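Chain nomenclature is as follows: A, B, C and D, assigned in order of appearance, with residue numbering initiated at 1 for each chain independently.
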Amino acid sequence: MKEIKEYCGVFGIYNSEHAAYYTYLGLYALQHRGQESAGIAVFNGKNIDYHKGFGLVSGVFSTEALDSLQGNIAIGHNRYSTSGASDSIDNVQPIVVSSKIGNIAISHNGNIVNALKFRKKLEDEGSIFRGTSDSEVIVHLIVKSKKGTVEEKIIDAVTKLEGAFSLLILNNNKLIALRDPWGFRPLVMGELEDSIIFASETCALDLLGAKYVRDVEPGEMVIVDETGIKSLYPFKNRNCRKSQCIFEFVYFSRPDSHIFGKSVYSIRKEFGKTLARENPVEADVVIAVPDSGLVPAIGYSEESGIPFQLGFIRNHYVGRTFIKPTQKTRDISVKVKLNPVPDVLKGKRVIVIDDSIVRGTTSRKIVRMLKEAGATEVHMRISSPPTKWPCYFGIDTPTKDQLIASNHSIEEIAEYIEADSLAYLSLEGMLKAAGGKECGYCTACFDGDYPISIPKEIIEQAKKE
Amino acid sequence: MKEIKEYCGVFGIYNSEHAAYYTYLGLYALQHRGQESAGIAVFNGKNIDYHKGFGLVSGVFSTEALDSLQGNIAIGHNRYSTSGASDSIDNVQPIVVSSKIGNIAISHNGNIVNALKFRKKLEDEGSIFRGTSDSEVIVHLIVKSKKGTVEEKIIDAVTKLEGAFSLLILNNNKLIALRDPWGFRPLVMGELEDSIIFASETCALDLLGAKYVRDVEPGEMVIVDETGIKSLYPFKNRNCRKSQCIFEFVYFSRPDSHIFGKSVYSIRKEFGKTLARENPVEADVVIAVPDSGLVPAIGYSEESGIPFQLGFIRNHYVGRTFIKPTQKTRDISVKVKLNPVPDVLKGKRVIVIDDSIVRGTTSRKIVRMLKEAGATEVHMRISSPPTKWPCYFGIDTPTKDQLIASNHSIEEIAEYIEADSLAYLSLEGMLKAAGGKECGYCTACFDGDYPISIPKEIIEQAKKE
Amino acid sequence: MKEIKEYCGVFGIYNSEHAAYYTYLGLYALQHRGQESAGIAVFNGKNIDYHKGFGLVSGVFSTEALDSLQGNIAIGHNRYSTSGASDSIDNVQPIVVSSKIGNIAISHNGNIVNALKFRKKLEDEGSIFRGTSDSEVIVHLIVKSKKGTVEEKIIDAVTKLEGAFSLLILNNNKLIALRDPWGFRPLVMGELEDSIIFASETCALDLLGAKYVRDVEPGEMVIVDETGIKSLYPFKNRNCRKSQCIFEFVYFSRPDSHIFGKSVYSIRKEFGKTLARENPVEADVVIAVPDSGLVPAIGYSEESGIPFQLGFIRNHYVGRTFIKPTQKTRDISVKVKLNPVPDVLKGKRVIVIDDSIVRGTTSRKIVRMLKEAGATEVHMRISSPPTKWPCYFGIDTPTKDQLIASNHSIEEIAEYIEADSLAYLSLEGMLKAAGGKECGYCTACFDGDYPISIPKEIIEQAKKE
Amino acid sequence: MKEIKEYCGVFGIYNSEHAAYYTYLGLYALQHRGQESAGIAVFNGKNIDYHKGFGLVSGVFSTEALDSLQGNIAIGHNRYSTSGASDSIDNVQPIVVSSKIGNIAISHNGNIVNALKFRKKLEDEGSIFRGTSDSEVIVHLIVKSKKGTVEEKIIDAVTKLEGAFSLLILNNNKLIALRDPWGFRPLVMGELEDSIIFASETCALDLLGAKYVRDVEPGEMVIVDETGIKSLYPFKNRNCRKSQCIFEFVYFSRPDSHIFGKSVYSIRKEFGKTLARENPVEADVVIAVPDSGLVPAIGYSEESGIPFQLGFIRNHYVGRTFIKPTQKTRDISVKVKLNPVPDVLKGKRVIVIDDSIVRGTTSRKIVRMLKEAGATEVHMRISSPPTKWPCYFGIDTPTKDQLIASNHSIEEIAEYIEADSLAYLSLEGMLKAAGGKECGYCTACFDGDYPISIPKEIIEQAKKE
């Protein structure tokens, strides 16, 4: 059993007669953060009922399933896991347990780097784990805490943790939102009439017509119950470097969202503009690899004055398309998703914007498709710095030896992907575009400067996967 | 969250390259013991992989799911639960956990009457429960035990338990079978070439062509590993009255099975014969309510000399038939399953054999159908004594106030179900037919003589359901 | 494209506000006559709406599908086809077409032996066929007729046909039932309040609580419309030998049904009694191959005085059970459906009753299973004469060379199936049990005496299949 | 039964061992032309096998279904129908029939305006129709033709037709492509190694890596068989005005396709540029209603110099999202698909480009969403002229009384949709952008100038729908 790295989306709502339904819609808006499983837990006034399963939100929840979840407080979770079909239903969140403090449900976005240590310790003390996720460790630490109230227990538990955790916890009449002191993953707070909402991104608030109130701050714990909203800072004595994941702006969050108090769209466009200033090239057209390349490409176009065009059309009907494993259909796996527009490309010098290069194989296919469609030159521009280091805080990246930028110069990469030129956004340019270093970003995947020292066992484990 | 009463089937196999597949077939043969969920766990040489879900065995396991379960030791479980669609996936067995002694999987048939006490204690000590079944308590007790080896831990745990438990436990290279000292539920042992098999009933052995070796005895623990087969009697110092569920003969087990060392078919037929001797009536034909009434009806016919006929034809295609909730189709819910044969019934005095009467409503429908089909007299004969007391050891029966025999005389019941006469098998007759009282049977549902005193909270809980 | 031989069930109802729903229930009761596809067509006052699909009635019709079929006249159809998954949706009945006389829907049970001739002729004249069934030919002949009214057109069409056709036709406000002049397939008429019902067997009437009125007679055409019920005999000038399929009593119809004015149960039991008189053998027990062997086994037991027992338990949960194609699981394909009861068989001389032997392979498996379960002698008794000739009138049988009785003596068959003895019901005995030759039965599959001469092309075609 | 107006995509391939698989991929690329049903027919050397069903290509075809379609010539069809769930499987194309000239399969894109007349005539002559589509009429006319060869029969049939028909016909070893003499719908020809391909749009060729050869010309019939490729012009004596559907450029075709010998992307962008020249307005940002508004918005931006931004983010996971029918969630039906980006819109004067306005209700929702997201002014610009007349040639538009532009001035529409200004592309501007009037376009939906006079009964029928 291996620990799972996850992207995730979380959503919670307090005091709504439509708690489960609004959570369903919130998860639907956050579907881009995880498509492999979904779940909703609701406090029915006495216990916590829940429903969860593998697949998209719209597939997991039938009208009947949704109607069966009655109550005014709910939390939900979307998950993307790397282990696919072999994954266990026991890892699907929210995790709901029964304990001496009653039913507890938990939705977790992020990755705990010292979870293994506690898991081992808990197992030695006789604890039992159903799944393999580090999220389950959090629940155990809370319940095992010797402190008095549930809030004190949670504080006791989470202050032991190192890593990324944007958490929503449901217990009895309380909905608790918590963000790790580094602030790796986003978590926002909103309101809709008399309801309080927490969500990974503001796009979930927008869909409901809810008002954005503010971010849950790094290290903050917000407790909502019948006495009102209370804010605590359990990590204040701890000296944690604010380390908000800058990759959320590059790729992960939806462009219509605000996270870390900033507009994803604006920053993503600024990445494109900066990229244009730093890495100009004479060309006829700027195009994007959809969807994450679209906004920086618009920025690049604006700054460079080179016109932006739709160079690729994305097929919206991609599903479980059956690809025959024969020589002749070899390249179709990319083509079924992305179709080049010959009239935009033929005889043109093309700048193509992508968000990042991981292994380089997809980039090479893209360059080839563009050339086959008639591009005379292909200049690839990446709206982030070279990805050289694995992420241990909740974004799935391969190990160093598989990251092409970790072992190759930019020239070598350009040659491998068969581009006429290749350039990346600089780290400085990226930070400036995101509001400056002083905003507190984690840039470890680009510079290896991990805000928390990563235990050897975690590094080893990642290698084995 | 309420505790679930369950019927169940368990199956386990040691040392077979087709472990998961044979378990699949075994569960298929035991499908009559539970149709609501199924699961298989297999030890892959290092960890335990598993697959489980709601529905019939044939629906839960695709070829792919089965093929993904690689390993030589497997256990499986079929479950019937009373709580239906609202039930949680966390209750589906085998329960598989990770702990300091590695992965453990457990399949449990039966009901632990003092589980609540331990659950409360474990929760007080910080344990966490995922589901609501008492089976999960067993896992916790095992892992929490301070004893050294896994066998010792299991012994430490199970000797604390009161109630019914036919258990299969998979841990590392060991397959352990265990039956409570009262011996409530059946558990047999077989062999197929070099493999050792455990199953609820022998019909699972028969399907595989495996040889029946013997029953796991009440209070016996059989450990199978690379050193061979070891038998222990952990409860030997405890003075438990042997209490094998006589209702398994009446209704639950398949007639082609042997349980408790006896042929279900033979005993069930003897019930019919005794019933005929005890409660003769002049009539033209003996018929059965299929399927559990068939064998006693044949016995009744043999003994009485009154010819046996198929008075009802069962529709094999009953599935999720849509019944329109209108006046005119009111009675169709029974008719779609069971169709009277007019030519057997018209102008006849009919003896109809059923296994038991619970609330009396179905019996009334049956009597009416027979009369509408032309029967001039309907004499109902029940192949067990009046069911007056709820079962707390793994068979789902309603509370006393809903058991018609608990509050009404046989005459009153006869009148309610509109039968011309009604008679039950006597308790003495039943025991004698089953080999005599000395075989050690639980007859609590008929006489209230519970072999274990039932905690008040269990009785209260049952009432609330 | 090959012509398809079919078993089928038909149902129709006139003047009911629940027309589609009652047809659904009727088809459900007739499910044993065909499990591969189902359909219902309903006249909505103007046009005919329909819904059809592959699978069981309960699978084809969702509540929504059923609710969408509004109208007071409906016909339905169940089909069993031999061509399986490769079959086309265009063959699923009722066939519904649009034509100059409006929408017409047709449900057909039987097989037209001169259909190919008309199909060829119609194609030569420019007609187009969607599917491959001979039923489609009937529709074309009706529409192409130059006669005036729809009744006249139908008469013009069907009087050209040779073969088996129990037909229900829906056109505008008329429901027409028609049975070929030989009367091969059954067709009964019933009433429920103000509604008139037609069905293949009375069990469909019984489920609805409808009253059996009478059979539609061989060669009769019953027209139901707002003017009442009219009966015509369009074939009266034609000299057709009454030839009701006696195999319906042996195997095909449900024992609780009446067909051809007789009780299936009574006749099937009489088959068993006659069989006992004709072929006595000393033995300890009479058992049946379920389900069609059950009633004759009871008859055999009654007549012989040898006790009847349940020698096989049928697994009700057989579905799409996955059978691993390995040496060791070779015999499991039969065992998953049928499980011998050792206690009935061990050390016993067993008489086993089956309805017929086709190729002999299944019979051999059954004998082997009985012997493995401990039977000392196995005497097979067949409740019909040896099946030596293929049926061309709607029952799927293989060609002569595949019918074991066609090329082997009874002794050779006994040896092949490894039975200690084998005997069949005599043709005379069968006819007598069914009321006598004068009732008018087709016994062609036993004696080759086809009531209609079979065109060469049909015989050739059957061979190729 | 009503006639169905359809959008459709057609694909055919001659001489490929992967005929069915390539057709599958081709249909996948053409999925935007129809999502309600899909089918493939393949000539197996003797007969035509086929598989079809409701839903997306990826859902209709399992690997097994695809593998069962063996042969070297195939045609396929995607369909969008307006009648939804109540539609009949008999209308799903390709239509495959058996006739005197063997099996024929037909895939049809377009709408025949004089089909009803022939249908009536054919019915009067005794023909039978299974479905309601005008495509079925074509098959009947071909088969009924008295001409000698199949080519002559097809010519005889299609020269009778008025309306839109891009047809693919499969018969024995021949694949025949045919386009009506007006040339309403596109049809292109390509080659891949030794195979000849026909498809509605070039994007299907591109996915396969096939080479575009040329368009099938209006009025051309291309016959491909073992003797090679033959081109005929059966309509040459008929004086038909070339009338290629200009709306294909506006909305229907994929931007990466070439149709009518022209790039959809280029023309669609030119629409945007012309729109900007004709209807300038002072504003801060140009955005699009995705997806069909994107390319003209880029054109508008280029021409006007006002920056293009992504004002809406489209949710890719839209499926069967459950919308609760309550007051509060009223607007969510649009929001779940389209999410405004506040940072692009806040405080901005916004130009929003859409392809057309039908009823005006969606446009109003869009304007409201933009204003709620902070736009100070919303100027809607439509990349086509006002849609005032229904289409009878294969694009589904409502009747005149439901087309807002048919009964309201542009000012009234602007007021209704709550836009600060509204302007449409002029007809002249559109024609010029599409290469000039001399290219031969149908603009009937904008100016009512139908190239064929529409029979009264068709107009009446459309009104009733």
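Brief remarks on what is shown
What we mean here is this: contacts are C-beta pairs under 8 Å (C-beta built on N, C-alpha and C of every residue); 3 or more make two chains touch, one makes a residue touch a chain.
What you are looking at is a predicted structure, and each value in this text was computed from that prediction instead of being measured.
Number of steps on the shortest path from chain A to chain C, with steps defined by chain touch: 2.
Touch-path distance (fewest steps) from chain B to chain D is 2. Two chain pairs, A-B and A-D, are weighed by contacting C-beta pairs, with A-D ahead. Relative to the C-alpha centre of chain C, the farthest chain centre belongs to A.
Work out the mean CA point of chain A and of chain B, and you get 47 Å between them. We define each chain's centre as the mean of its Cα atoms; on that basis chain A and chain D are separated by 38 Å. Residues of chain B in contact with at least two other chains: none. Those chain pairs judged to touch are A-B, A-D, B-C, C-D. Contacts from chain D toward chain A in the complex involve residues 18, 21, 24-25, 28-29, 31-32, 35, 56-59, 61-63, 66, 203, 206-207, 209, 254-256, 258, 263, 265-266, 291, 294-295, 298, 302, 307-310, 313, 315-317, 319-322, 324, 326, 328-329, 331-332, 335-336, 339-344.
Interface residues of chain C facing chain D in the complex, by the touch rule stated above, are 1, 47, 49-50, 52, 64, 68, 86, 88-90, 96-100, 103, 123-124, 126-130, 132, 139-140, 143-144.
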